[in-house]
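Same chain, two partners: chain A is paired with chain B first, then with chain C.
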Partner chain A sequence: MAAEISSSEALAWVAEVFEVPVEKIRPETRRDEIEAWDSLGILTLMARLDEDYHILLTEEEIQQLQSVGDILNFLRKRGLLRDDQ
Partner chain B sequence: MAKSRIQGIDIKGVISAVPSRMFDNLKDASGFTEDEVRKVVGMAGVKSRRMAGESVCSSDLCQAAAEALLDKIGWERDSVDALIMVTQSPDYLLPSTACLLQTKLGLPDTCAAFDVGLGCSGYPYGLWLGALMISGGGIKRALLLHGETPARFADESDRSVSLLFGDAGSATALEMGAPEGADPWSFVLHTDGSGYEDLIIRGGGFRERFPKDPRKYCVEMNGANIFNFSIKRVPTVIQDTLELAGLKKEDVDYYILHQSNQFIMRHLTKKLGIPEAKVPLTLGDYGNTGGPSIPLTITQGGLDRPTGRPLTLMLVGYGVGLSWGSALVRLAPEAALGQVEFDNRC
Partner chain C sequence: MRFLLVDRILELEPGKSIKAEHHISSDEDFFRDHFPGFPVVPGVLLTEMMAQAAGKCLDAEGREKGKGKAMLAQIRSAYFRDWVRPDSTALITAEVRTNQAQYATAVCAIEVNEAKVCSADLLFSFLPMNEFAPGYRDEVLETFLASRKHGKV
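Then we have the complex of A and B:
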């Protein structure tokens, strides 16, 4: 299994996936507030999850991801997120 | 398990055929914003594609390819024993398009001709069938035709498909005649029908012959499921085929993958740990032409063919069905390769 990352590292990872500066996003940031988070952005997210964490994202899971926080929770549920103190 | 090794079969030639009418995604795509187009083009990698239009079918493209091939390799029409037409865009629901092509090509009535209803996996499956027919005895020369016009069943307003597809046909000549000691061809074939709705045209078949909603005559694609399917299944089938053939991945000269989408293909190439130079891309100029993208990439992929040495090619088709398969074959240095254009500019 991939090593755990901190919440701030996870946020930086999400920022990199969607090519936004990390200062512009927080867990509360919604999907429609990120320009690159469209159907093509979802494919990028899927590819990075496969490449970096060997996780396949299903169609149902994609539907549930509506915010950056949802992505962080997804990583948490997969045991990949070490919560920051 | 559908794994086979078949000895002695030779590819005498492969010709691809594309319509002359070209659509430039960056210049000609109205109905989408410039930004949207640039994003799709950047991700899918399709800059332009060839379009059959309403009057040109897969059979027309395959006929053009076959005429050119038969002349190039000097096969008399009445020496062809079998014709396999692999397509999911037939001229009619009935009769088989292969029957039309038998007569249009002037093949004898002693020729066995039939359609195979597969798409993206069609070329490895078609080669397997042709090889089996020849090695089983009775068939000396077989023509494998594989053509699709997917641009004709894409919904123009659906950004995920309308800029992706192009049209193409191909003809491959198969005969007994690999040299003594040549490795047998290896095939590994698979099916997962639970994904049948991930790439589907719902209307026009017998489940719903005359749907009221015209969009049911267009292809629907679940991009996420197709992506997952591709990255899960393609590496495994390649590994299984290498094991069957007793080869290492470095022993393969080229991996000719179905040209689905540049993003998926680059991801697969990285995942497989093979150099990009061994995975030729042709979808930039031709789009995703379905299964015929494999023979099209054999002819147009810029393969380096040293004289005096055959190439070892791993051909991998994956997609609609869900169906996928690989063929590990030998391409002799003297095998004829080429492409013709079907003139439909007016």
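Then we have the complex of A and C:
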């Protein structure tokens, strides 16, 4: 299993996946506010989750991800994210 | 201009890895412009060679599973370490890292005269075969698979 990451590390990871500066995203940032979160962005997200955390996203899970916070919650549920102190 | 940048498959493990080659003739038209007096193969063509080789590796497996044809979706990284001059033979390798129903990733490289000249990390999606012309087939891949079936590889 992949090592746990902090909330700030997870945010930086999401920013890298969608090629946005980390200061431009917050948990509240919605999918439609991130230009690269399109069909290619979803493929990129799926591939990175697979490569970095060995997680395969289902179609249903993809549909449920509508914000950066949803991705963080998903990582939290999978036991990969520990909240910053 | 044709856009077939893999001449021959040397080794293939469907969906996992491939080794292939492409000869770059000094007659290629692009050398007239890229560049006068210093002809070198454009990086975009080297990247396409790697994408075509990796695509054949994925297609070899995809045809068995009905996944569709692998299409380059993203050049995640690419590095060009040395010039590739006219009359070179590129040895192209690709190792598939992840391979799922909707996407695949591959780490690819090209060697010329046993020296690595470039490498790339590529992301592929899959397009259903019914999007292509009826009867469309990959002759290079078909030739390799047929020769393997007959024990020639």
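Keep in mind that, in the parts below, the second predicted complex is superposed on the first by the 85 of 85 C-alpha atoms of A that agree within 3 Å, B and C clash if a C-alpha of one lies under 4 Å from a C-alpha of the other, contacts with A are read in each partner's own complex, and residues count from 1 in each chain.
The criterion applied here is as follows: a contact is a pair of C-beta atoms (placed from the backbone, for glycine too) under 8 Å apart; a residue touches a chain by one contact, two chains touch by 3 or more.
A quick note: this is a predicted structure, and the numbers were derived from the prediction, not measured.
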item	value
Partner chain(s) touched by A:50 [first = chain B, second = chain C, both, neither]	both
First (chain B), second (chain C), both or neither touched by A:28	neither
Chain B versus chain C, judged by how many residues of chain A each one touches	B
Which superposed partner A:58 touches (first chain B, second chain C, both, neither)	first
Touching both chain C and chain B, counted on chain A across the two superposed complexes	40, 43-44, 46-47, 50-51, 56
Residue ranges of chain A in contact with chain C within the complex	40, 43-44, 46-47, 50-51, 56
Parts of chain A lying in touch with chain B, wherever the complex brings them together	38-40, 42-44, 46-47, 50-51, 56-59, 62
Interface residues, chain C side, partner chain A - complex	73-74, 97-98, 100, 102-103, 105, 123, 125
Contact set on chain B toward chain A in their complex	39-40, 43, 159-160, 222-225, 227-228, 231-232, 263, 267, 270-271
